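The structures considered in this document are given below.
You will see two complexes here that share chain A, one where it goes with chain B and one where it goes with chain C.
Up next, the complex of A and B:
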């Protein structure tokens, strides 16, 4: 995967990012999108203990919670980067929530959605070099010194 | 208040003392998994599931709750740094009253190896919320009695763990200060920590409307049982970040072996074998529990102790090798 590291935080270039919500989507060939949380998000949250996604079939608007995660004693939502229907939930994450920490861009994807207005939703997102620059600015603004990675985290060289 | 937040809403600090006792579960907990709902019902204790994380706690009017309801941009982004900032005025307030409290990462406040503040946090509505409490007094017997403990040893270790590793104003000072005095000192320390002026405020009509609406939602069984009902007994209980009680069962030809452990860091703080341990002679069991206490929970020291004990006391367990005992102990901790 083409990627860049900013203060140790991995940004995969072929994903689309909602930088403020720290989520990403991957465009699948069948018109669906895979949704996940970013390396920065898992760093800010810390080791995640529980993750519970909304049910398959639920229709969510962009910006509404599609999953709730708990790390240590913090609970917060993963906000939907697109409007659409949830068509698949990653059961591996439900069974092992720290997969979100160890593999935010590979095995730790959260769910898949069938977007209903992808053209408009994606217009607010960034990808490629623009995503790298947006994250560089965000990491600097948030004064994030470095991303932290627990044992077993995916390697990106 | 978090849900009612708008761009104009000032950051808000709430100080409150519950008027009635209740049991409060963390967001991802299932009723039945940690506490015995029938006992709560018999004791007329309401059970509430909160929107922040953590375990299940018994709450009453001997605790003063502090809640920060802030714009997300005005709190540290890293959760650990957020807790560190939040705990600072709590610690300084305890110190003002003569208690040598200190921050215990990632999110506790300790005094003399004992936890004296419980904290929680969450992104709620348009706000980031951090909560914690001053503990004026604490009755471990009530909390231990409500646990859905799998065995008597587990309940005993939980009770003794809370007695040993939890503290309060009363425990440290032999008396509890006036809550109003604590509030006054806290307001000062909070102002210093946040470098902000604190202005007394009232709930807005919109906040009151949402509070009534959410009170209704949080009282429903749909909310309480959102994550299902867990019928299995508790197998792991956190006393504080460094102290846990756990229990495991190992099957055997002559019956199951139950291992109940309290760990402090990576060491055995207390241990009980029950069921059918299969140790010969059985009279050596207490001695085995004794020698394992304070031992590091890693394979090499455990194996060394077990082999030495078996040899020294002529003890043996036909069903299990020393390695089997080690694996069972490590499995209990995990």
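Up next, the complex of A and C:
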């Protein structure tokens, strides 16, 4: 995966990001999207203890919670980056929530959705070099610390 | 995750800065409920009131290696649209006036808390 590191935080270039919500989507060939949380998000949360996603079949509007994530110091929603129906939940994350920490862009995806208004939703997101620059600005503006990674995290050279 | 969107949760907090281990969890539960799209209110009364005094919550830190204080927890609650309310009568227990309260907290009387308890889908008492 083409990527860049900013302050130790990995940004994968072929994903689309909602930077303020620290989420990403991958566009799948069948018209669905895979949704996950970013390296910055897993750093802010710290080692995650529990993750519960909404049920398959739930229709969510962009910005509404699609999952709740808990760590020892933080609890909060993962906000949907698109409007659509949840069609698959990553059961591996439900069973091992720290997969979100170790593999935020690969095995630790949260769920898949069938978007209903992707064209409009994606217009608010950033990808490629624009995503890298948006994250660089976000990290600077929010004075975020360097990303931290627990043992077993995916490596990006 | 079951869909509990719109349910009303009332959290009553009676513990304050003198018992730090009893202060974080009610706020954590409140934020969790808010993240699950419930309407959440925390009602501070008795000793719970003293954590709302300006400058008090910053001094409560359960884990000295963490930068999270009780003020962080209160702010996290407010950031997640948890409503923070304090008992008017309990302010006098701590020689507090409305001007002593942190921003974002509203004052209600005893009658209001009874109404809110009856309107809530569930009350959690700490």
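For the reader, a short list of remarks on this structure follows.
To be clear about the criterion, the second predicted complex is superposed on the first by the 156 of 157 C-alpha atoms of A that agree within 3 Å, B and C clash if a C-alpha of one lies under 4 Å from a C-alpha of the other, contacts with A are read in each partner's own complex, and residues count from 1 in each chain.
Throughout what follows, a residue touches a chain if its C-beta (ideal position, glycine included) is under 8 Å from a C-beta of that chain, and two chains touch if they have at least 3 such contacts.
On a predicted model such as this, the values are computed, not experimentally measured, just so you know.
After superposition onto chain A, partners chain B and chain C are found to clash with each other. Contacts of A:126 after superposition on the shared chain: neither chain B nor chain C is touched.
Of the two partner chains, chain B is the only one touched by A:71; chain C is not. When the two complexes are overlaid on their common chain A, residue A:54 makes contact with chain C while staying clear of chain B. Comparing chain C and chain B on the residues of chain A they touch gives the larger count to B. Superposing on chain A, the segment of chain B with clashing C-alpha atoms against chain C, chosen from 150-158, 186-194 or 294-302, turns out to be 186-194. Residue overlap on chain A between the chain B contacts of one complex and the chain C contacts of the other covers 52, 68, 70, 73-77. Residue ranges of chain B in contact with chain A, taken from their complex: 26-28, 51-54, 77-80, 82-83, 106-107, 119-123, 227. Within the complex, the chain A residues that touch chain C are 52-55, 58, 64-65, 67-68, 70, 73-77.
In the complex of the two chains, the chain A residues touching chain B come out as 43-46, 49-50, 52, 68, 70-77, 142-144. Contact residues on chain C toward chain A in their complex (touch as defined above): 1-3, 28, 31-32, 35-37, 63, 66, 68, 76, 80.
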